[in-house]
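Please read through the structure below; I'll follow up with questions.
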Amino acid sequence: MLKEQLQKFFKIDRRWIFLLLAVTLFVPIMKPLGLPNKTISPATKRVYENLEKLPAGSFVLFSLDYDPSTRPELHPMATALVRHAFSRNLKVGVVTYIAGSTGLIEELFAKVSREYNKVDGQDYVIFPYQPNILAVLTQMSSDLYGIYSKDRNGTPVRDMPVLKGIKSYKDMSVIVCVTGTAILDYWVAYVGDKYRVPVAGGVTAISQPGYGPYLQTNQLKGLIGGMKGAAEYESLIKQPGKGTSGIDALNLAHLLVLALIFTSNILLILIRYL
Amino acid sequence: MTKNKLFLFAVLVIFTSGSVCAAAKKAGPAAVLPGFTAEDMPYDAGEAVLLRWPVNPAAAAGTAYEIYVSSLEAGGWVKVTEFDAAAKTGADIGLPFWAWNGTKDEHAVKVELNNLFGNFPPGAVFTCKAAVLEKGALKAESLPATIAPQGNWFRLDRLNNLIALLGLITVFFWAVSHAKRKGLFIRRIAGLDAIDEAIGRATEMGKPIFYVPGIGSMSSISTIASAFILGEVSKKVAQYDSHIKVPHYDPVVMTVCKEVVKQSYLEAGRPDSYRDDINHFVSADQFSYAASVDGMISREKPAACFYMGHFMAESLLLAEVGATSGAIQIAGTDVEHQLPFFFTACDYTLIGEELYAAGAYLSKEPMLLSALKVQDLGKLVVMVSVFFGMILVSLGAKFGWDGLVRVVMDLFKGY
Amino acid sequence: MKLIKKQIPLAIVFITGVLTLVSYYVPHKMSVNYIETINKWENIVVAFAFLLGLVSLFFSHYNKISRKVDGWGYSIFVFIGFLAMVVPALVSQGKQMTDTGFTALGWSYKFIYTSLSGTMFAVLAFYIVSTAYRSFRIRSLQAFVLFIAAFILILGKVPLGQIIWDWVLGWTGRGVNDVIEWIMQVPAVAGKRGIMIGISIGAIVTSLKIIFGIEKQYMGKD
Amino acid sequence: MEFFTHSWAMLAGQLAHGWVWFCGLFVVTESWMIAGGWVATGLTIFLFSFLYKDNPFFKVAEHLYLGAGMGWLFQVSVTNVWIPKIWEPVSKGELLVIIPSVLGLSLLTQFVPKISWISRYGFTFMMGYGAGLAIPAGLSTDFISQIGGTIKPFSMLATMSPWAIFNSLVVACGAICVLFYFFFSVEHKGHLKKVSNVGIYFLMIYFGAAFGNTVMARFSLLYGRFDDVYTYSGAKYFYASQIILLGMVVYFLVRWFTGKDKKELDAEETAG
């Protein structure tokens, strides 16, 4: 009897579980728990230090390759990185190889450049989307103007103050790629290793464990992983944003998953031995 | 020609020494920095020069060097860099031992000329000099050295890479010819027994089998391997007179699979049981595909589900429905971040290369076999070199054999 | 005919492949010039590749509409979605922002594209929960090890989990963070490196096959 | 004659006028932004409604997504690549870019079976380049550097703590075991079997880490969508989220009570 009831409970319609998740995730958005992220992983710290140690006026290239489908994880990360670069008065260049990211880049710079009074063309430049990442990465090793002669609005870039003295990877201090795709692998293999340029990354939590080997060999100079990473970076630059509030909202949902795994496995054991 | 060059050189020396004297006059008497040479930077496109001179062990603290380069015959000095007397030795140039003989006893500075002078014509001559400063005051200066940088034809530092490549190509062609003639040994993979078992169970229960080839195109290795495994599975199915269904995502994969299944039924001696609707097209959209296959699985309650090939997010959706409908599930994919879901929800999972190996094992197709052999050889090289490299480097570090450590580390470094 | 249909394409793949490969080992200016030219060309060729997807999407949905197959009405929305991006782009000439704020294109992006593309994958969060409940089986020692690693990661990534860890296991003197770092930097690196090396050699072999014209599936049938 | 030119000018003027008027429709005002909130919430909730069951609203949103994704790619390619990289150089007389453009267009012959072989020119050009770049880079990054990276920690043996030495050993031995697990040229028997068994546990830890992180990643995405829905539920957007959600619930209830859903749902419930 009990066994049958347990069976029935175990085979509960999964839409009840869906509803449970919706509630556990939505409630903290309306009423934050107020448990901020405190720990900082060494990989995130390495990215931070790589930017922090640069003298003002160094050129940093951001490759922002994420579209709205991974926006909640990667947009806070990219925002924190750009804020950090601007607050250190670094010169910023932005490239992208995902068509869907152009809108997010516009949004990011419209907001952050105003916070730091940075001028397009003077302190930063946004290059247009290009389809063939390998060709562009290879081209930038000798002459970036061969592909990027204009910025995304069609303004010629060669005489922009921000690009003064910048011609190839040799003139860039560090490259940070924020992506949910394999594009960071391309940066490591086709640029970092091939031309000896420091490459750091920001990725979704899904791909984060996969970059362990590159981090260990220092082929990757640091890695920000997922929303936790974004929250960590935000606390490093002391500007809490969407990452910090996001990790707060995830608290209950994470525990829900663990509870569900436990429940189902205990139920199964009970069913088997009753 | 040589005469001309000599003449030019003489003129240069006269002019530059003149300017040195002029400079020296201003700053008081300065000694000459001995042993300063300029040479072409090796293994580059001809845009850099390399300056070398011996380290002065007696240099006082606060000593610094300044490097100047000029593209003119006289004057026009451009300051390149300034660094501490302890920095930039021959050991800091990141080149391997077979391509570079610099040591800690000399300074070696690479100067990128195109950064300073833009694009210059090939054969252009540059003059370089170094100045020694002690607490900001000029102490000594080198004689100017002239150099015309040249483009090189081979990156000797990438020799280890080239050797690895040549080795790979040789083994590959050997394996191809060998596989065609005699076949190559591949061990049996544990998951393959599970396949037989699953088909047997489906026959007993009289329920269908689902074979999901994933969302890869025909160009991905996993899909190719999957098609070969499908051949073997459908042969067994035909023998046992069971039912199989193969829902498709990619029309091209579907055409290939149709041929494969048909052939298997023929080989099993049951061409009469073959039906054209075994392979059917579902949808070319990821989520619609997953949803439709889910629907089929939960309606028809198959006895066994196979998920072999390239899977993305839909792995989760498929494996869960299969597990709750009570089917024996066997999965295989080379997409690492989907493997956890398959592993927890399926009875047996072929991990990464095991999928390729299963395809090669079952089909004995020379192309798959030879690729797998090259992969095996690569893994063997890695295992052996990690093992011995670890021992050698540890010994070297323990007993202070720096040379040994350097040789091993240089060998396994990408340049 | 065989020459233009087969041999010349195979010669193209061989020549571009070998030249590009060799350029890695040759630093000379000539090799740089070659690679610069071919980079620019490749970039343009690939700019047309997405048309393959576009044309086949339009074909299939146009066919559905013209043949009035089941649910053909939905296919119209494919074209509506397309126009919802292209028409504003035409009007605002590809610019998403002006000094005064969003253009029509920026609006389409922010409200239509962002919500559609974002939600498609967010749906998976629900499935991961139900998978955790309905099919995460700890049925072997291996699965148990997997579970332990997953457990620590899920717990330790959120502040509440860290609090719980400290409360239960605080006496060990190790925070959950240290354990996560260790997992990520030691065993996970070994596991990933093992998988990665084999698969990347597989990819290299495939590339070799492509250059030597042994692998030509991508060319399609004669 | 004059009449014609005149009427042409008129027509052109009319067209230009019409275009300006048309563009004027697309000026984003405050009410557009509010409408945007409704559109965004609507589409989000339509897609989520699939979790309850498949329905026409989901299908509409899904098809819109397919079209919008392509539309976005199309407009970005036109404005960022075709115009500046092909149209402008050609109109300035740099005709060399025509060669890659023709190669690119050749890809499209795929759709015409008779001349589909022409597309091979474009494909082979892309494949050769990609393969040529990939081989040496792959060797350097994923092969040589990985061996070096595994060995390297031992070169600093003198200054390492015992714990660090242990960890480096675990990485090295673990990698060897995992590689052996994937080694297919010898039978895994006896002691060799043990080695490959150790390998699989390293893989399991890696998969476990991947699983845990995937959970966080998916929840983050969901959080992002919920956050937007919450934003649009405010009074500023006239309670878009609540009203649309209510609409969906009403729709499903009506379907339920008219009995259209009952049969399918029962089937699904027994299945799930």
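Descriptive notes on the structure:
Each chain carries a letter (A, B, C and D) given by its place in the written order, and its residues are counted from 1.
We adopt the following convention: a contact is a pair of C-beta atoms (placed from the backbone, for glycine too) under 8 Å apart; a residue touches a chain by one contact, two chains touch by 3 or more.
Note that the structure is a prediction, hence the values are computed from the model and not measured.
The chain occupying the central position, as judged from C-alpha centroids, is C. Ranked by separation of Cα centres from chain A, the top chain is B. The geometric centre of chain A is 15 Å away from that of chain D, both derived from CA atoms. Look at where the CA atoms of chain C average out and do the same for chain D: the two points lie 6 Å apart. Per-chain CA centroids place chain B at a distance of 18 Å from chain C. Each of the following residues of chain B touches two or more other chains: 158, 161, 168, 287, 324, 336-337, 340-341, 343-344, 351-353, 375, 378-379, 382, 414. Among the residues of chain C, those touching two or more other chains are numbered 24-25, 32, 38, 40, 42-43, 45-47, 49-50, 106, 109-110, 113-115, 117-118, 120-121, 123-126, 128, 130, 132, 134, 136-137, 142-143, 146-147, 150-151, 154, 157-158, 184-185, 188-189, 192-193, 195-198, 201, 204, 208, 218.
The set of chain D residues touching two or more other chains comprises 50-51, 62, 66, 69, 72-73, 76-77, 79-81, 129-130, 133, 135-143, 145-146, 148, 150, 152, 171-172, 175, 179, 182, 203-204, 206-211, 213-216, 219, 221-222, 224-225, 272. Partner chain A is touched in their complex by these residues of chain C: 24, 32, 35-36, 38-40, 42-43, 45-47, 49-50, 95-97, 106, 109-110, 113-115, 117-118, 120-121, 125-126, 128-130, 132-134, 136-138, 147, 151, 154-155, 157-164, 175, 177, 180-181, 184-185, 188-189, 192-193, 196. Listing the residues of chain A that touch chain B in their complex gives 11, 165, 167, 170-171, 193, 196, 206-207, 210.
Chain C meets chain B in the complex at residues 24-32, 60, 120-121, 123-124, 127-128, 130-131, 134-137, 142-143, 146-147, 150, 192, 195, 197-199, 201-202, 204-206, 208-209, 214-215, 217-218.
The touching residues of chain B, counted against chain C in their complex, run 43-46, 122, 151-155, 158, 161-162, 168-169, 172, 176, 218-219, 221, 224, 284, 287, 313, 316-317, 319-320, 323-324, 334, 336, 340-341, 343-345, 351-353, 356, 367, 371, 374-375, 378-379, 382.
Those residues of chain D lying in contact with chain A across their complex are 51-52, 69, 72-73, 76-77, 79-81, 84, 129-130, 133, 137-138, 140-142, 145-146, 148-149, 152, 171, 206, 209-210, 213-217, 219-227, 230, 269, 272.
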